[in-house]
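In the part that follows, the structures are each spelled out as structure tokens.
First chain A sits with chain B, and in the next complex the same chain sits with chain C.
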Partner chain A sequence: MHGIISAGIIGIGLGAQYALLALGFTLIFGVLGVVNFAHGGFYVLGGYVGYWAVSSAGLPYPVAVLAAVVATAALGYLFELVFVERFVDEQLATMMLTVGLYLVMSTGVLAGFGPEPADFAFPVTGSWHGGGFFIPWANLIVLGVCVLAIAAVYLVLYRTDLGRALRALADDRPVARAQGIRPHLLFPLAFALATGLAGLTGAVVTPILTLSPHVGDSVLATSFMVVILGGLGSVTGSTVAAFVVGLIEAYSDVYLGGSKGALALFLLVLLILIAKPSGLFGREARRA
Partner chain B sequence: MTGRRRGRLVGAAEITALLLCVVAFATPWLTHNLFVLSVINQILIATMAAYSVHVMLRMNLLSFAVPAFMAMGGFAGALVAKHGGTNVLLVGGVSFLVPALIALPLGILILRLRGVYFVLVTYIFSEILQLLLFETPHLTGGSNGISGIPAATFLAQSFSSSAAVLQIAAGLALVATVVTAALCQWCEQPFAAIDENETLAASLGLVIWRFKALGFVVAAGLAGLAGLSLVLMLLTAHPSSFSPLSSVNYITYAIVGGRASILGPAVGSALLVFAGNIFSSQGEYSPGFFGVLILLVVFIARGGITGAVHTLWSRRRKQPASLAASTKLQDLA
Partner chain C sequence: MNAGIRFCLLATVAAFPFVLDAAPANSGCELKLGMIGPLSGAATSWGVALRSGAEFGAAEVNKTGGLPVGAEKCKVSVVSYDSKYTADGAAAGANYFASQNVKFIIGPVGSPEATGIKPVAQRNGQITFSTAYAKNAIEPQFPLAFHELSGPATWAPPLAKAAKEKFGFQSIVCVAPNDQGGTDIASVDAEAYRAVGIKASEEYYQRGTTNFAPIIQRILNQNPDAVDTASSPPGDAATMAKQLREAGFNGVIGRLGGPGTAEIIRAVGGVEKLGNFYWLEIVSTDDPGVKALWEEYKELMGQPAPDNTLMIPAVASSRLLLKAISKAGTIDDAAKVAEALRSLPVEDKNLGKGEWTGQKIYGINQELSFPVGMGLIINGKTVGVQKIDTVEAR
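And then the complex of A and B:
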């Protein structure tokens, strides 16, 4: 019983991280119709900006996290404005552009920081213990930050004019445009919001996991799985799916071991994609 | 729509691609430089894998499943060479047929997906196959892979040297070029119709799934041949040789080279593999170089290198014609 609860706590922590990642990914697809292959790159960049701000600029960790969010959001905004905007209705072109950006970003990080994992440690150590459980404070703080960020995203999307405009663009772009919503102003903002979320995840999660130039590959695969499961473009679906994936991963790690859990998860996602491309929870947000 | 081309069967692009394979086959008689032989071998492997991407792109489908099919072809070839026979025709045939046969039922399931959903399903498929390779050690050797693969043979001759392995790769590339050219010529109109507007093509009576399935099966077989060549070059079949993200490389080769002609994958592979080797001391930076090239191609030359050359060539041919016409008008005036 103790093991089941421990694995569950780990799974919820993982789920919160995945939700934060997947929200950005699904937001870009939902609003722009773009599959962002560079999403993992923004996660890595966020981690390295945080690492640089702490280790080289000597900034406190919370400021470093803020710097990571601002840097990744600014880069996302610029990338959308300069590269994606022109080809926003061409799925293949935008996919190739984001693949190209990811390769450039990961190589840039490699050139700047080297191939070895960075020594980026979480500033808070120690564990909370109660009821026979030991949970590192770092994991609890990361969980708290993720939950707060998810709540903030929901607040922006469902309680602000910006969010309403973004959802209108995701629902029906021509109608939204006819209502006076200007996509060329909102697309870069949506991209910046999404990449900022990836940067935030990178800055808060990499200190408790690992930070190296190529960790973005696995992040991309995880984001794919979550958004497929939840339904591409569906914000609520992705959030729920992230926790499902986190819990499955945690339990399969404990009870199956090796890569059997990941294999089972991938097979499940493949079957869902074949049987119901719109995902378990979503409708088909955008005709692909 | 019959799908049969009513014009010439073989164009300049197809002839050039075939000639390149013949030149590659003859290279060991021209030089014994191991670096040159190795680079050409890598180019041939990349070209076969890029052909696989090219065939799918002709139907406006971006496939990330190339490494998965390469792994099937490579491991199947390695297993046959170790336990069955080393005849190059047998090993090559198995490497083409195994992924092609697996692609048939898979294609029935996934080919109704389009656009981003197809991209995602092929990516997930590559991830699954990578994990399966590790999880089935009794068949694939797991994390150790399959080593000690005997050299391929043909008519009592053993192909064990670097030069001989290159010649096998050139032979396989020649077969891959013929198969790709034949498929793209035979299905030129259906592929173009699917690329342009699948719904309209279906409403006009084109049996879409038949051509898509054919393209997918052949693309899988082509990737299988690339996988076998890779295994023969490395002398080992290892899961790490077929990582899911390596598909980005093959997609880059096909797109940078140009999607419109069969010469595109060959040119893209030759240029990028060569450049990658020239900068081999800075090998870790080659993905960044690929990334810049992708951005440039999408922005500047949508048709890739061969497309840009074709456009320039057409303009140059049109200029004298328009000059002649204007001179004629002046004379008439």
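And then the complex of A and C:
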């Protein structure tokens, strides 16, 4: 019983992290129609900005996390404004642009910080033990931050004019334009919001796992799987799918082992997609 | 061509990170030593250590005016290739080096890489000096493939016995990635533990895993006395050790596999928090000669050596390889250099006397063998490195 509860807690923790990553990824696709291959790069950059802020600038960890969010959001804003904006309707061009940006980011980080994992530790250590299971305090805090951030994204999207405008653009761009919504002002903001989320995830998650220049590769792969499972462009779908993937991953790894667990995860995702090719919330695809 | 596409092309070309070092142009005889290994990903520190060892070997020779080859003195440079710990990466690296007329390669590092490179390097006429722990790291049908250090079949039995004597544990889980770089080592480790009466099980995970929480939970469900991270890349082993301790695991952590102690200590938060830990040292690092190497490196290279001991066999094999090239009097004929290499006595300035081994385990005597060590941290205190005799297994 303890094992089942522990695996569930691990799964929820994984799901929250995946949700935060997938939200940004799906937001960019939903609003701009762009598949952001640099998403893992912003995660890595968030981690390194946080690491630099703590280790070189001597800032407290919470300020370092804020710095990571601001830096990644600012870079995302500029990148969209300068490069993506001009080719926003050309899928091949935006794909190449984001792949190029990812290569530049990971190589830049490699050149700046070296290839070895950075010594970036979470400031809170120890675990809460109770009822035969445990939760590291750091994981609990990260889970809290992820849940708050997800709630904030929902708040922005569903309770603000900015969110309504973004959803309108995702629903039907020509009609939204006719209503006076200006994509060239909102697209960079959506991009910044998404990359800021990736940066936030990087700054809070890498200290509890590992931070090295290429950890973004697996992040991109996971984000893809979650977003496709949830239904491309669906915010709700991505959030639900993230927790589904997190829980399946945790239970299959714990009870089947690392190799069979990974296989089980992909098989289950495949089965879901066979049953529902447009993803769990496919009807909402391309809607925010 | 519009600005966006131009940016893409420039970015892609600028960031293409495979060839990280270019050899300086030299008007006289120039010998390029290739280095193939992971320079990105979780196993990066092994690749960096190997590259540093090769660069140090080259710098030593260059300091004396170059390597005597026939009537010439050749300047030695090192070119490196990021094989990303993959078979195809290592094979592509060998082909790239063949196009650059690089005949001598230090590396690759891991078992998948060794499997990928052997046939390609043999066909290209290139000598390789791998550190892979694969059960077939070297084979009689690939006479140009050499091995820098002893493999698990040599050191696992005496180390498992020594670990049991030191910590008295009765059960252990050996955890490693689920490819040849993991299974070929963890299975040998587990067998060695079983041979001394320890109940051993094996756990494998998908390479590329970043969050080990589910694997750790699975290990804890087995309630073992000890966990051996075997040949897990240093970054993975460090995360696992950290998560094990955070989960309240107070048992012994071991590492009979690749070097990575510094990363593990750092991740866990210091020696005190690590508690009881033992690990394979691929050479006996407390020997004065080995200790002196770190100082020599700093003096010659102007920077500290990487804190990964895989650099040490890379230095020894680079030195021996360069000596063989000089003896053979050619920088083009790998077969002739291999012949010279086999005939050279194994004696290193820092490591002392060693020997060519491998006949018993691989069927070919092309493994550089020096005494290994077992590092120990007991109750949060560093005890040092104990020399381990591997004669029986060899």
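Keep in mind that, in the parts below, the second predicted complex is superposed on the first by the 273 of 288 C-alpha atoms of A that agree within 3 Å, B and C clash if a C-alpha of one lies under 4 Å from a C-alpha of the other, contacts with A are read in each partner's own complex, and residues count from 1 in each chain.
Operating definition for what follows: a contact is a pair of C-beta atoms (placed from the backbone, for glycine too) under 8 Å apart; a residue touches a chain by one contact, two chains touch by 3 or more.
What you see is a predicted model, and the numbers here were worked out from it, not measured in a lab.
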{"item": "Clash-or-fit label for the pair chain B, chain C on chain A", "value": "clash"}
{"item": "Winner by number of chain A residues touched, once chain B and chain C are compared", "value": "C"}
{"item": "First, second, both or neither for A:91, with chain B first and chain C second", "value": "first"}
{"item": "First, second, both or neither for A:179, with chain B first and chain C second", "value": "neither"}
{"item": "Partner chain in contact with A:210 - chain B first, chain C second, else both or neither", "value": "second"}
{"item": "First, second, both or neither for A:224, with chain B first and chain C second", "value": "first"}
{"item": "Touching partner for A:274 - first (chain B), second (chain C), both, neither", "value": "first"}
{"item": "Partner chain(s) touched by A:117 [first = chain B, second = chain C, both, neither]", "value": "second"}
{"item": "Partner chain in contact with A:35 - chain B first, chain C second, else both or neither", "value": "first"}
{"item": "Touched partner set for A:236, first chain B, second chain C, both or neither", "value": "neither"}
{"item": "Contacts of A:266 with chain B and chain C, given as first, second, both or neither", "value": "first"}
{"item": "Candidates 27-35, 81-89, 207-215 or 279-287 of chain C: the single one with C-alpha clashes against chain B", "value": "81-89"}
{"item": "Contacts on chain A seen with chain B and repeated with chain C across the two complexes", "value": "83, 87, 93, 96-97, 99-101, 103-104, 106-107, 110, 115, 217, 258-259, 262"}
{"item": "Residues of chain C that touch chain A when the two form their complex", "value": "3-5, 7-12, 14-17, 39-42, 44-45, 47-48, 178, 203-206, 208-211, 213-215, 217-218, 221, 234-236, 238-239, 243, 246-248, 263, 266-267, 269, 306"}
{"item": "List of chain A residues in touch with chain C within their complex", "value": "3, 6-7, 10-11, 13-14, 17, 83, 86-87, 93, 96-97, 99-101, 103-104, 106-107, 110, 115-117, 119, 121, 125-127, 129, 134, 136, 138-139, 209-210, 212-215, 217-219, 249-255, 257-259, 261-262"}
{"item": "Chain A residues touching chain B - in the complex, by the definition given at the top", "value": "29, 35, 83, 87, 91-93, 95-97, 99-108, 110-111, 115, 217, 221, 224-225, 228, 232, 258-260, 262-263, 266-267, 269-270, 273-274, 277, 287-288"}
{"item": "List of chain B residues in touch with chain A within their complex", "value": "60, 62, 109-110, 113-121, 123-125, 127-128, 131-132, 134-135, 244-245, 248, 251-252, 255, 284-285, 287-295, 297-299, 302"}
